[in-house]
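Every chain is named by a letter (A, B, C and D) in the order it is written, and numbering of its residues begins at 1.
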Amino acid sequence: MEKFRIGDVKVVYSEKPKLKNPVFIEGLPGVGNVGKLAAEHLIDELGAKKFADIYSSDFPPQVFVREDGTVKLVKNELYYHKAKKGNDVIILTGDFQGLSSRGQYVLAEELLNVAEEFGVTMIYTLGGYGVGIEIEQPRVIGAITHPELADEITRHGVIFKEEEGGGIIGASGLLLGIGMLRGMKGVCLMGETSGYIVDPNSAREVIKVLAKMLGMEISLTGLDEKADEVKKITDKIKNIEKSLVEKEGSEDLRYIG
Amino acid sequence: MEKFRIGDVKVVYSEKPKLKNPVFIEGLPGVGNVGKLAAEHLIDELGAKKFADIYSSDFPPQVFVREDGTVKLVKNELYYHKAKKGNDVIILTGDFQGLSSRGQYVLAEELLNVAEEFGVTMIYTLGGYGVGIEIEQPRVIGAITHPELADEITRHGVIFKEEEGGGIIGASGLLLGIGMLRGMKGVCLMGETSGYIVDPNSAREVIKVLAKMLGMEISLTGLDEKADEVKKITDKIKNIEKSLVEKEGSEDLRYIG
Amino acid sequence: MEKFRIGDVKVVYSEKPKLKNPVFIEGLPGVGNVGKLAAEHLIDELGAKKFADIYSSDFPPQVFVREDGTVKLVKNELYYHKAKKGNDVIILTGDFQGLSSRGQYVLAEELLNVAEEFGVTMIYTLGGYGVGIEIEQPRVIGAITHPELADEITRHGVIFKEEEGGGIIGASGLLLGIGMLRGMKGVCLMGETSGYIVDPNSAREVIKVLAKMLGMEISLTGLDEKADEVKKITDKIKNIEKSLVEKEGSEDLRYIG
Amino acid sequence: MEKFRIGDVKVVYSEKPKLKNPVFIEGLPGVGNVGKLAAEHLIDELGAKKFADIYSSDFPPQVFVREDGTVKLVKNELYYHKAKKGNDVIILTGDFQGLSSRGQYVLAEELLNVAEEFGVTMIYTLGGYGVGIEIEQPRVIGAITHPELADEITRHGVIFKEEEGGGIIGASGLLLGIGMLRGMKGVCLMGETSGYIVDPNSAREVIKVLAKMLGMEISLTGLDEKADEVKKITDKIKNIEKSLVEKEGSEDLRYIG
């Protein structure tokens, strides 16, 4: 019997579901963790079922320890959801992206192999678009593999950045860029985010657009709650900072006065 | 004749012992060097015998020079001990862990190949758990591959960390994480340690638990002595620091006075 | 059907032109971006036609987003131009050079495979020669694979650096160095440049020499315009700096006076 | 015809000499450049002849430019010398050592393949031993693969460091460490050196010992001259530093007085 080996990338299936014209949705850790938050929310709301674990020697050499003390090797995961109408869905999320450039390419190619095997022709990659300042009403920035996809996404409020030359780094970029070379189409949806905090507020806007595009009903309550929690924490921090500044201010006055 | 090559990893056997249901114990350099100290102590006390050297191109490109001027290529080593009752034992220790993520995975997989070949089904990985402050009475933190192992380790005083999401980095984590995927069970025992010094005191607590779990009698005198030595050195450093602070204090006074 | 894979390097041909004794010209990003500016100018002026895209897992894992929102995987590109007289031309330019040493070697070897396939025996690599200070009249520094090429380039005003031991790093060096080992000849033309800014002024001098060597008529208007733009921007910056210095100066006076 | 490829390591022979029980001597760049200076001196004095170039994708992706403008890909080189009496000699020197750990291992193994092919059973590796301070009379520190070699080197004035645990990093260590595993014997000779400058003075001491061990007559004039040059330069720098300190001193006095 051949021994189990991770090698560069190893996909371990727990199930091989039969899927009808599935679209592939990626949400991995990244700027503001927007993509991962969005993918996890989608998995929860759709009740999507895991069918594969993906291991890579380009992930950190590490296990996570759960609350009950059990460990799990860091990985990516694939879920599926059978839609009542329209396309079935494959969702990718996970603990890490590849650490090295080569590892990212190899992983993206292996994921596209899986996607091809299930007949995927359309990919949605989800992420954050770091703007460096706090954003009350995050917009969703789009990128597309083919010009004919422009109408479809601007119709749902997605905007393009006017300036040329921006880049999409990591899986969200590579899955589209390499996917194109394999004849797939794709859209990247990036929620504006400060880039400093985990941002469920931005993830919500991304999910809103994605749900409309896929004709899915997705409750946003979960993300709303997470966004409220994050807001409470950041407000608390701001208050502390403010009071510190005020204190320092009065101390300064003492020095001057 | 094929030439000797290290390639990614090379296991060089000096002997292929016949072992009875051996458990595999790992103790490599890491936080507080706790795992390595524990493994070396075990080897000394059991009089375990080396049966394999493990070389890897992911170890530093380096030899060590012994007191008599002879060199040895940096490596890991495997020892065995035939138990009078219960399981035989394989112990892994060594000079380094792999330098890169990929190297760590490849090494762990090769070590698991060896373990499988000897029929290992249970792995114990030993290490330190860095807490950032000096610890008088280090506790032993545990992690397990399967929930049914929890009782077995808490029974011997091992605790789990309540908070989720902690990680075990390096061989101690990977051997369990990848081992699980090959159908093995495993336990990681981590002695609390400041993380700033080599910590025989922490290693002793780890050995205590391990000996109880394996039903072995292990004298702790050696580790007690090492712990005393380390304590003398750190006490000396503290005294120097204290007298420096006092001197600076008096000098400061002269400036002010 | 075999799946599309980038692997280390993947050359994707859109066309396989029949070329007559083509010379190979390289201009990739580097010091002052001189090589890339020169190659792009040549492509524009000759109306050279793209015939291949080159992908590598040693490029950053990234897509660029164009103004219309469409993405492209980062890559290098090969263009050809059929000359009315003399040698046909293959031009290499692109977004990046390889990130790692190994990646650079592998990429250079794959590019030389392509060059060999088209019967290339002569390579021109273009780049900048960083001098650390602003240069009004950049000279073109040369390097050659064979001593008998010296006359040919000094005849066109190219100079050699007297001191030995300088190096040419990246594709401009490797294509010549490895090319030699495959029996090819080659010349490297490096325009002097400060190294601090993108330098069309330096690229112009490189193109002037190259055009003379290849007996091509190349308009320099495009590079003149770019050079003017860059000069305007740097002049503006200098004026700001100057006025800042003056302000600070007067403030200083106030402190002293 | 198969295309020329460097791959990981490529040995290109210009000649395959017939050698009589050759010893292998390594002197590559390292601490104080002692090993390289010693190997180059040996090549000059013996009139050794180059018979192979060694390229590696783990060397920097770079060519050097010679005074006449011609380039050469960075590499290592093998020379041979046919001795009138005693062992013939193979000498390794070069521009760089491998950049990565893996590259160092692969290169050392390939060099040992070459050594084996020529029937080498004894390896001498030359290097510097950094001590951090200026050394008037550098001693030669030794390391050996087998205890029975100790007498042979201490007899020629080589000493061992008493403390255990020192390491020899890079080719000088690996060739011995891996060589041992292939059944070869070896000695490392390290001249004490500050580690701050290129040190022909230290290289001279290493050569003295090596010549005695191999029963060769080697003139040291060349290294004496280089040592004088280096001394002049360092003396000049010291004088400048001294006068700067004195100036600062007098300025300081003005502040105080």
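Worth a mention:
Rule of thumb we're sticking to: a residue touches a chain if its C-beta (ideal position, glycine included) is under 8 Å from a C-beta of that chain, and two chains touch if they have at least 3 such contacts.
Worth saying up front: this structure is predicted, and the values here are computed from it rather than measured.
The chains that touch both chain B and chain C are A, D. Here chain B and chain D face each other with different sets of residues for the most part; under half of the interface numbers are shared between them. Relative to chain A, the most remote chain by averaged C-alpha coordinates is D. A straight line joining the Cα centres of chain A and chain C is 37 Å long.
Computed from the mean C-alpha positions, the centre of chain A lies at a distance of 52 Å from the centre of chain D. Across the assembly, chain B contributes no residue in contact with two or more other chains. Chains touching one another, given as pairs, are A-B, A-C, B-D, C-D.
If you check the complex, the residues on chain B that touch chain D are 3-6, 12, 55, 57-74, 99-100, 103. Against chain A, the residues of chain B that register as touching in their complex are 98, 101-102, 104-106, 108-109, 112-113, 116, 142-147, 150, 153, 160-171, 173-174, 176-178, 180-182, 188.
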